[in-house]
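What follows is a set of structures for review.
Shared between the two complexes below is chain A, which has chain B as its partner in the first and chain C in the second.
For the complex of A and B:
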């Protein structure tokens, strides 16, 4: 098959297949049937991504596809796609997850009041994400990137009526200081796009700067990054990369831009699963991994500025990791807990990818950097596991009519498949031996241990603290929903078969990944690290934390600190209090003084007054009295004489 | 093809409202397609109309890509707003208790004159001709506000006329100085003559055009005029008319960039301040149309910023004009839709949850704000070129950080106020969930504009258009060129 046809089908089939439902929003009958068409569109993308995975070349320069049709000739803005190791794998991950969640969504969104909006944005999102994944041209990538932002806004605010408390985040009426810690969907949407845009524009600037300094080239795999950084100098490099990272950090909800991800949980659960755990928020980490892949910072120790950038990313990532995990320990809302743990995982991805700077050694036989591989594989495992957990919590919300964790063992026995998926997803994700993530996490341990040689102990400590806390929070999630939680007030257990299909399929991929770790040649490093004694010790510690939290999910003596964590360590104040206060203060200055002054004073007082004054001046000359006129004439003559005298003195001294 | 709108000016008043609106739309769509044909297939660069003795020089039509880009926008928006205006103006005449058929004739005559003069303005190759159409445009807009506006419409009309007359006189003074310096007003002859513009003439034109643009300070007429004009007029006034000041500045800048270079920092600082001022003002507005008017101040700040940023900035001016025109015409029309459907509702505090009753208009407004923010629409290219202009002009150093952050924040602010407004107007708890049946004229034209604005980002439209603009000396990468 022609490769451009494959790409066209990959990107366009989700969008095209969702146009009918977007247009037919008035017909109830059709909106019940057309979602199947949308899901089919995503299915085509899955097929195409698999086709690319198995048949397309993976090595440069063959894996770079430059479109025969130039977008804007001579500018470097072109349609250039790439199917390297990262893109081809991430493409399959994205398409598969979107497809499973779409199947689940057929059940979950049945009877919703806004199906056309939902499916249009869901599919637009899938296409945008695939574009981000496969594009090599930074401008093209940014088009997809903006699509992610727009779709995220649309889907978080999907239930725009704000009429159902079950879609809120926080407890209505609960005040912490002057702020009510409760956010409706329409607010969640606004907060998401405003935060994301805060990072996107700097990122766009960085892309424009790269464009200017790399000689009009925008292709990630072609830019001579070393020459670019050398040309920019230390300060220039740091400014450029920080601007770029603003986009990645806001998208991936790293500290201090994490708040939007928490309130993004006001969206439907399918959206939380697809956008806010598996793909969109991971796009930030993915793009960072991809850039680092081609920047190859481990060869740049002599270029000033690069090290500072990687130190910043390392610590922002690891601190976000710990922050997210700690915040989750106090949370009772199912989805918000998972959201906090998601940001924690994303932090670990950033951290380990950044560690590649200090890790020159390559995985033998592949030429890939171990730290980047660890980050990417963790992204993959996390995506499937976390998406499963989100889908589970969506089903639980339907079954119990509450978004807070409830459910005892009796309830767990009634929802066997759900319970089993939760157990699998949590144990496979936290890094418990010998399941999937254990091997990846062992690799991560090794990477951070390597930093000890560079004199950095803190990263390893942060990683270990995060891992243990992380294990505890997911165990707590399992325990509070299926084992030791309160008995649910409502139980609505019928139906939901497509939902079960969705998360069973999702969790099953974890087994495939497990198999692949042992089969693939690039992951031998993980297996090797997994047999190291330190990794086994860490694994046992994680196991202990998991079992402990499973046994005792809530510690009442720590409830004060739990509340502090539940309130995200008061970070909402930054978003909802400090920044709006400043903004509205400026707006008040501008409007209250500027505009009022202009309208009330200048427009209605000064201008008419001035005209009145001139008019009166002119009229009072024309009084009709001869004496008056004579005075005027004499006055003018006098003035002329005086001027002439002065002029005479100056001109002819 | 450019003659058609002029003919329509006189033919349309003879017809009934519906036919007249359709004719108007057609009269602007035909040039729209012929411009597209020109862009893809090419057409003569210049058409000579008349020869005058110096200092006026040749009167000719200038058919370059800049004119095409502006012309394309004007044709599309004018055609679509003409359709939108049909139910809206009928509603307005009823409200004013005027005879619908008689009044519509008068209205459509002025409307066509207004739109056609804008179209001719951008194709004028001679500054004298350009000035004539500029005045024609101002007077017809004034008449529309004066006759059919809201509130204290006569006062507002006069306010508008006076300020724009000042702008016009200043610009004319600048043109006259140019005429005597160069002995001609034909653009091609001035370019060939190489005498440039001269600082004094530049200062006059600049002074006049920043009143018309407007930036903060002389912007005082704008919130009134945009808010109180009948909505179809706002939907041309804000997107098309005010931005044409940017067009004039662009033309002058392409002849001679020295003024901008000499005063780059003050102009840039002023423009960023103006844009932020407008942006922050938006948050406090309670009248939807007035809110959009302040957003225009903010967006026009973009254009002035872009003007100072070298070749890529100038390319950004063109794209920014298009993107703002598409976005703002959609938004004013959706504000008009709310007025028409909800019986004069303009107060934002009384809105909220409107999406349920008018989903079609609400979704159109989303597209409008996406345009203003430069998300997935042609505005993205505009922002990209402006940012590139910043890099080219100032580099990436700690000393240029102030300018960089200023421009970046300016772009951020548009999305902030845009989505803030969307939430306040359309989302939240609805007052009623009943869906209202509304005329198709009120939303289909908006989607046409929206779709074109998205298509313009992607090939093949952007390929030919941006490439064509790029080929003009002084714009973008340019070839050769006047601008260093």
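For the complex of A and C:
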């Protein structure tokens, strides 16, 4: 098959298949049927991503596809796609997860009040994410990136009427200081888009700067990064990369931009699963891994500024990891707990990818950097496991009519498949031996241990603290929903078969990944690390933390600190209080001192007066009498001719 | 066959169609259609297609008007289209002036057309100024050519005076012809008192040739004086933009708004004259000017037909309005972009600023116009015409003009005597 046909089908089939439902939004009959078409569109993307995975070249320069259609010629802004190791794998992950969640969504969104909106944005999101994944050109990537932002806003605020408390985040009416810690969907959508915008704008300028300084080339795999950083100098490199990273950090909800992700949980659960755990938020980490893959910072120890950038990312990532895990310990809302754990995982991805700077270790026979592979594999395992858990919580919310964790063993027995998937997804994700994530986490331990040689102890401590807390919070989630939670007040156990299909499929992939870790040659380093004694010790500690939290999910003596964590250590104040205060201060300043002048100039006095004057002048000439017009025209012509004649004679004698 | 032969064949068919239309009216339409199809062979393809499309919608819109010379009116439009196509190929000074007259004179008759009797009052007002305009243009052209023949390249011994007067007369003639302020007085009156359909032809097809003819003469003979003379054109363009846009902003009647919008648009096109002294950027100026003229033409056709048909499909109206405003990637945007680009390259930054400010001033009235003229979908001729206009406006969405437009600019530039 022609490669561009494959790409077109990959990107366009989700969008095209969701156009009918978007257009027929008024017909109840059609909007009930057409979701199947939308899901089919995503299915085509799955097929195409698999086709790319198995048949397309993976080595440069063959894996880079430059479109014969020049988009904006001569600018370096072209349609350039890449099917290297990262893109081809991430493409399959994205398409598969979107497809499974779409199947689940057929059940979950049944009877919703605006299916057209949901499916259009859901599919638009899938296409945008695939574009981000396969783009080699930074500008093209940014186009997809903005698509993610738009879809995220549309989907978080899907229930824009704010009429059902079950979609809220926080307890209505609960005040912490002057702020009410409760957010409806419309507010969640706004927080998401405003935070992401805050990062996207510097990112856009960073791309423009790269374009300007890298000789008009924007292809990630082609840019001469070393030369670029050398040219910019230490300060220039740090500023450029920080601007670029602003986009990635805000998208991946790293500290202090994490608040939007918590209130993004006001969207439908399918959205939380796809966008806010598995793919979109991971896009920040993914793009960082991809950039680092081609920047190869481990070869740049003599270029000033690069180390500072990687130190910043390392610590932002690891601190976010610990912050997210700690915040989750106090949370009772199912999805918000998972969201906090997601930001924690994303932090670990950033952290381990950043560690590649100090780790010139290549996996033998592949030429790939171990730290980047660890980050990417953790992204993959996390995506499937966390998406499964989100889908489970969606089903639980349907079954119990509450977004807070409830459910005892009796309830757990009634929801066997759900319970089983939760156990699999949590144990496979936390790093408990011998399940999937254990091997990846062992690789991560090894990477952080390596930093000890660089005199950095803190990263390892942060990683271990995060891992243990993380294990405990997921065990707590399991326990409070299926074993030791309160008995649910409502139980609605009928139906939901497609939902079960969705999360069973999702969790089954974890077994495949487990198998692949042992089969693939690039992951041999993980297996090797897994047999190291320190890894086994850490694994056992994680197991103990898991079992302990499963047995005792709530400790009443720690409730005060739990509340503090549940309030995300008061970080909402940054979003909802401090920044708005600054905004209001500026507004006040402008209103009080600048407004009268500006208003007077533009709105009430000078400009309107001027316009009125000119307008009257123009209309005054327009008397309708031919004689009058002839006088005006001849007068003007004569006058100009005389001026021209004088000018001609004197200026150019 | 050579371009001249093709043009002659087209002319014969046009005349036969016109004569035949006395017996059977559709023959006039048919003759004009065949003639402009043949005319396509006489000029660079992309321009030909644009002019063909504009002429075609003009012809189509004329079918809705039951005037006293029904049948011949098509031939007049055909003649204008042929002259507009031919001017891109000719290398002959006399033929350029002939083309100008051939585009100008048919409009004297067209402007008087309406259902029933001729509209004499509008005719007198229009013809008075057009005759003056054509005469000034021709005299200016002849003076310039004379000066160029005697003192090529530089202003030797008193020829500075002759150059200056010739240049100013030509530009004033052009300004009066197309309606650049402060010589725009006829525009609002004629546009509001005439029937919208012939006015749409005057506002679209008739505008291309005067500009191309002026460039055809001014570019090859530019010399040391030209840089100071174009300053005069730039001032004229700025006056026209402000007059047009503020006039349109404070006018109520849609036809009057469109009249002032024409004044403003002619100001935009005239501003690209600042590059005639520098052949390096003349590409951009011509590309910008022509795209602006085409965008203006299809927009005016759409809006005037909407006035005639008491409204057209709302989304169409908005797309045309956005094109006028200059929203990317519609055609009007590219026109403005290239004009701005050429001006910036010539370091006419004050004119760049004025044009951007004027584009901003124009936003409210175009949106208002689209709102007033927009109605829900009906199956009729007006909407068909507007649909074609919208498709032409959207051509630049699919084909970003840089590439294909520039290749053909070379051909036009060659016919203008510029080799780059």
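Here, the second predicted complex is superposed on the first by the 591 of 653 C-alpha atoms of A that agree within 3 Å, B and C clash if a C-alpha of one lies under 4 Å from a C-alpha of the other, contacts with A are read in each partner's own complex, and residues count from 1 in each chain.
As a working rule, a residue touches a chain if its C-beta (ideal position, glycine included) is under 8 Å from a C-beta of that chain, and two chains touch if they have at least 3 such contacts.
Nothing here was measured: the structure is a model prediction, and the numbers come from that model.
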For A:629, select first, second, both or neither according to whether it touches chain B, chain C, the two together, or no partner. second
If we overlay the two complexes on their shared chain A, which of chain B and chain C does A:147 touch? Say first, second, both or neither. first
In the superposed arrangement, which partner chain does A:602 touch: chain B (first), chain C (second), both, or neither? first
Is it chain B or chain C that touches the larger share of residues in chain A? B
Just to be sure I read the superposition right, which of the two partners does A:70 touch: chain B = first, chain C = second, or both, or neither? both
Between chain B (first) and chain C (second), which, if any, makes contact with A:641: first, second, both or neither? second
For A:54, decide between first (touching chain B), second (touching chain C), both and neither. neither
Note: overlapping chain A surface for chain B and chain C spans 70-74
Touching chain A in the complex: which residues of chain C? 124-125, 128-129, 132, 136, 155, 158-165, 167-169, 172, 176, 182-183, 185-186, 188-189, 224-225, 228, 232, 242-243, 246-247, 249-250, 260, 400, 402-403
Of chain A, residues touching chain C in the complex: 70-74, 611-612, 614-615, 618-619, 621-622, 624, 626, 629-630, 632-633, 636-637, 640-641, 644-645, 647-649, 651-653
Chain A partner contacts - residues on chain B that touch it in the complex: 159, 216, 220, 223-224, 277, 280-281, 283-285, 353, 355-356, 359, 366, 370, 373, 375-376, 380, 383-384, 387-388, 390-392, 395-398, 401, 404, 407-409, 411-412, 415-416, 419-420, 422-423, 426-430, 433, 457-459, 462-463, 466-467, 470, 476-477
Chain A residues within the chain B interface of the complex: 25, 69-75, 79, 139, 142-143, 146-147, 149-150, 153-154, 157, 160-163, 184, 186-187, 189-190, 193-194, 197-198, 201-202, 204-205, 207-209, 211-213, 232, 235-236, 239-240, 243, 583-584, 586-588, 590-592, 594-595, 598-599, 602-603
